[in-house]
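Since the structure comes first, as structure tokens, the remarks are kept for the end.
First chain written, first letter: the chains are A, B, C and D, and each begins at residue 1.
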Amino acid sequence: MLNVGIVGATGYTGYELIHLIARHPQARLVWATSESSAGQRICDLYPTPDETQLSHFDDAPLARADVIFFCLPHAASMEAVARARAAGVRAIDLSADFRLPDPQIYEQWYNTPHTQTHLLQTAVYGLCEIHRSQIAGAELVANPGCYPTSVNLGLWPLARAGVLGPRVIADSKSGVSGAGRKLRLGSHFVEINENMVPYSIGYAHRHIAEMELILGRHMPDLQITFSPHLIPVNRGILSTLYIELDPTLSQQAVRDLYRSAYADEAFIHLLPAGQTATLRHTVNSNRVAIGLTPLPRPGQWIITASEDNLLKGASGQAVQNMNLMFGLDETAGLV
Amino acid sequence: MLNVGIVGATGYTGYELIHLIARHPQARLVWATSESSAGQRICDLYPTPDETQLSHFDDAPLARADVIFFCLPHAASMEAVARARAAGVRAIDLSADFRLPDPQIYEQWYNTPHTQTHLLQTAVYGLCEIHRSQIAGAELVANPGCYPTSVNLGLWPLARAGVLGPRVIADSKSGVSGAGRKLRLGSHFVEINENMVPYSIGYAHRHIAEMELILGRHMPDLQITFSPHLIPVNRGILSTLYIELDPTLSQQAVRDLYRSAYADEAFIHLLPAGQTATLRHTVNSNRVAIGLTPLPRPGQWIITASEDNLLKGASGQAVQNMNLMFGLDETAGLV
Amino acid sequence: MLNVGIVGATGYTGYELIHLIARHPQARLVWATSESSAGQRICDLYPTPDETQLSHFDDAPLARADVIFFCLPHAASMEAVARARAAGVRAIDLSADFRLPDPQIYEQWYNTPHTQTHLLQTAVYGLCEIHRSQIAGAELVANPGCYPTSVNLGLWPLARAGVLGPRVIADSKSGVSGAGRKLRLGSHFVEINENMVPYSIGYAHRHIAEMELILGRHMPDLQITFSPHLIPVNRGILSTLYIELDPTLSQQAVRDLYRSAYADEAFIHLLPAGQTATLRHTVNSNRVAIGLTPLPRPGQWIITASEDNLLKGASGQAVQNMNLMFGLDETAGLV
Amino acid sequence: MLNVGIVGATGYTGYELIHLIARHPQARLVWATSESSAGQRICDLYPTPDETQLSHFDDAPLARADVIFFCLPHAASMEAVARARAAGVRAIDLSADFRLPDPQIYEQWYNTPHTQTHLLQTAVYGLCEIHRSQIAGAELVANPGCYPTSVNLGLWPLARAGVLGPRVIADSKSGVSGAGRKLRLGSHFVEINENMVPYSIGYAHRHIAEMELILGRHMPDLQITFSPHLIPVNRGILSTLYIELDPTLSQQAVRDLYRSAYADEAFIHLLPAGQTATLRHTVNSNRVAIGLTPLPRPGQWIITASEDNLLKGASGQAVQNMNLMFGLDETAGLV
């Protein structure tokens, strides 16, 4: 049994992890922390019978854990992770702090300097389907952002094959849990129910950096436009991706690129021709569903990709990373 | 044209009033206040083209208004109302501060002393269908609470006829706008969407005082149990009322009590036999819908009553009160 | 490994069972039927990668199954169950057909004669927490209705102790999946979203028979009023139960009745004093959450009970019954 | 007072028209028809006190109306409209039957021949802000489709100025009322609640023809990609429009094109720089809200446009057309 610690357990991703670890056949929670709610139990904060006790991070016995999940806001996370690493404990960070290897790009998008740059070199970007082998040996995994997971997995087979045109438009829609449990007017029920709100559209959202990181590796001239929208559902992301491909590629050839890229992937649901991804394909699962829609004009395609933002987009993929890091069945606790 | 002032214009009831007055054929807004947002416009706070400027209450030209609506929290409202009355301006208070004529009962339910007891005697409880004649001449109208409006109008024909048994159970369900625009975890989209939450059930909610005020006038032995529940909709209240009547009353006799009580009422929708009130009967209208359901056991009935909590349950009834106070068509601006 | 068959696999309860059995560590699906969709796969009907093939019931190899779940409408179910029993296969029926031991009461509520009365004597009403010992040896289990499960488990500790007054009012609220996947105007998104609809209120809903069956066993004078309401959520039932108890009972004594009745129950979440059950306490779990609220007037209480109507209210409890019937860990596949 | 007839009054657009005409100061309903519900009243079909009687179209006194609204499905509408025109009554058709002047293009998109081609020449496409002068004298107005209204009004100032690049991507999101009241699995509450569904994406939705009609007039090389998505709200369309403009245009110059195109338009809400359109900007109003967002790369813009699909996207614009046709205040009954 793996011993697991969770730092920042009372936000939506932390709570989801508590739930996932409780059902995991080969892992158990040994401690969980919350600065705002130390001394309380999870059942004091959420409608659940779960009586997990919360402590301050300073009081957590780091070394009792084989692996620690960090569910802290960016900037706050990097130092906590460094302490775990200094104690020799493997870490999975759900914040953005170790996703971008170049600290200057990090600072540019997050407006704060990176104070733990020595850890950046060892951090592995935990997009499991793409970086599986690096994750296996990693001491520090940077768990990917929710939106980039849908966009990157949705386009990676095309990008690595060198057939994807530079201009990519990602029109993404996310449930409200993606905005966190913190109180803000935009998450007030009356403000978002029966509403739909575009925000940070175009080239303003920080998650673009992760799309450029993964897709840009294969496409130096990538020009991504990314438009997130908040929709009145609890969970789920749907990305509608407008792309151009080499117009000589047949529809079957495009499909074959996905088939070979994702053969045997337990968490990729490649939809049959004619179908598009919906939230319901993936909510409450760790899957990404991907639909391939060719347009009448040669070379123009729409890729639809959906996921549960709290599972494959956050805590589910974090557990998948844990499974890979410790040589467990990759799907353990996730089906 | 009536000149209207609105104090506390940025909460849901204040914003609703701005909208209602803008469409009212015989009234116009002359000023609106907000302590938290003075200097801003409504369109800076809500997704609307409405450019109404907000000022501090201290800067509002009280006397330019023929009537002032107060949309402040209880306790805060009473002093502001007193200033308007001192300036000779008629007032409609949407808070609870002038609803209960007995300051001791007020203090008992609201845990704060009443500092303007001299105004309590002149205040009229503005339940239009019941107090129409007193409202016409009133200088100060206390606009009823949202829940009590549904319960009181739903049962008044029975109470005044002396046929209603003392034990009344009101199981009420309200949309989230009833909890206001203030940020709290219970109004966070993810917390209440796909959820339903009973709160202050039994004999704990302050609105009971208004039910005892109106129904208790006819029923000294009234024993009310009141259970509000929050449901994931923006607007609307549905009260399911479990009552006992004189078992010798025929179904037609019961229906006739409602017919005669509410003959010619524009805003009462008495449903045909066999129908129950739903939210959709009244949302976006100033109506109350009332359904009468007899049970097989003689004397047992269920009354269902619905309303839009922001209209008949608050701002709509406030405009109805204004219409009555100034001798306008009672439905002006409300259909 | 238990071999499982599912009859009527394409409605919400059947689909939920497919999902539950797929994750069950000691059971596997061997066949599934659907008259309307025979020849298709589940993934042709639902947004899922599940490729389970559907056949006609007539083509299903009954005897290959150790246990068959029947997810058919009432009246249609009884004959299909009889065929399984004739083939010697144990059966769990999710319809109402075998819940009521008296065929006259069945006919009275369901307006159709019972054609398999010989099976009624052997059928066990599968309310696991109450009938655990009978279920263990049962060949035919009648899985309880969704509403009665919340009401019966919410009141049983009081009824069996003989302290519950005869007059019980159950104001229940259910998500829309309870109305099934069949197309009807009342389940159209635009009709029920932002709405709330009471239906069959008072003494008209068939589920009353199951409340009288279980609670009435201890209370010959039980007078139940039951009012279901449809609310705009996918899953979940909340029952607000208005009851009278022996007024000399202390609050602690009442709580102790629940504690002793449900000691060690994995799926009963008895809430601490001061808390009420919400949908979120139980949705996506097989639990029932129960809150105990005393009113100021001695002897008057409100019990709140919630459950997921598709899990503890249907398919989850069906799996719990299977676990009991075959001597498995009662929680297998349910946590 | 204008006398109004409504054909097909029981769908969502017909019901909305009944509501709008009831509040219109210069129009009154004289008859309404429904083939499926003739003999019933609106209050038998909807939760409303409205007792409007429904008749068969054959029994409707066409000539008593000054204007008739047709709320029928396409193909069914054209003949009914022809009868009204033969009777000399002016007509506003909410179907697609008279929107496309070229019957071959109609047949190509709608898979049915146009049987009333003689009326196509006189029909005016009723996009009020663009065709105001033609509408004034029209005998037959083809009310625009819901999606095209948002796209066409969102881009028209750019198209007519000749600055819009040929490649336009419209990612649109619509509430479920846009799919009509007819029962279909995709409108079942449980199927679309907590879900989001792309459909007919790319170049498959019939409304593309209307975008090509209006924008294509100025842009012979227009290449539009249109992707509608169903979202779990009752009302509202949001179109996120990805476009390229002449890169030498300043941001102010682009804004000025909208200002001059829509100066004095009562129903266009041009948002300030930095804001994007949300559903809430326009739901329950007849407005279109338009936000202009420049991207960092010169010439790339995102236009967001929202509307209420049942008002400006259907019945509201139909009333606006009536107002224009009969020389009334264009906003009468719409504010």
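The criterion applied here is as follows: a contact is a pair of C-beta atoms (placed from the backbone, for glycine too) under 8 Å apart; a residue touches a chain by one contact, two chains touch by 3 or more.
Values in this document were obtained by computation on a predicted structure and should not be read as measured data.
Taking A-D and A-C together, the chain pair joined by more C-beta contacts is A-D. Averaging Cα atoms per chain gives one point for each, and the point farthest from that of chain B is the centre of A. Separating the CA-averaged centres of chain A and chain C is a span of 37 Å.
Chain A and chain D, compared by their mean Cα positions, are separated by 39 Å. Within chain A, contacts with two or more other chains are made by residues 194, 232-234, 278, 280. For chain A in complex with chain D, the residues that touch the partner chain are 169, 171, 173, 191, 194-199, 201-203, 223, 225, 227, 229, 231-236, 238, 240, 242, 276-280, 283, 291, 293-297, 300, 302, 304.
Residue ranges on chain A touching chain B, taken from their complex, read 12, 175-177, 181, 183-185, 187-190, 192-194, 232-234. Per the touch definition, chain D reaches chain B in the complex via residues 22-23, 47-49, 194, 269, 278, 280-281, 284, 287, 289, 335.
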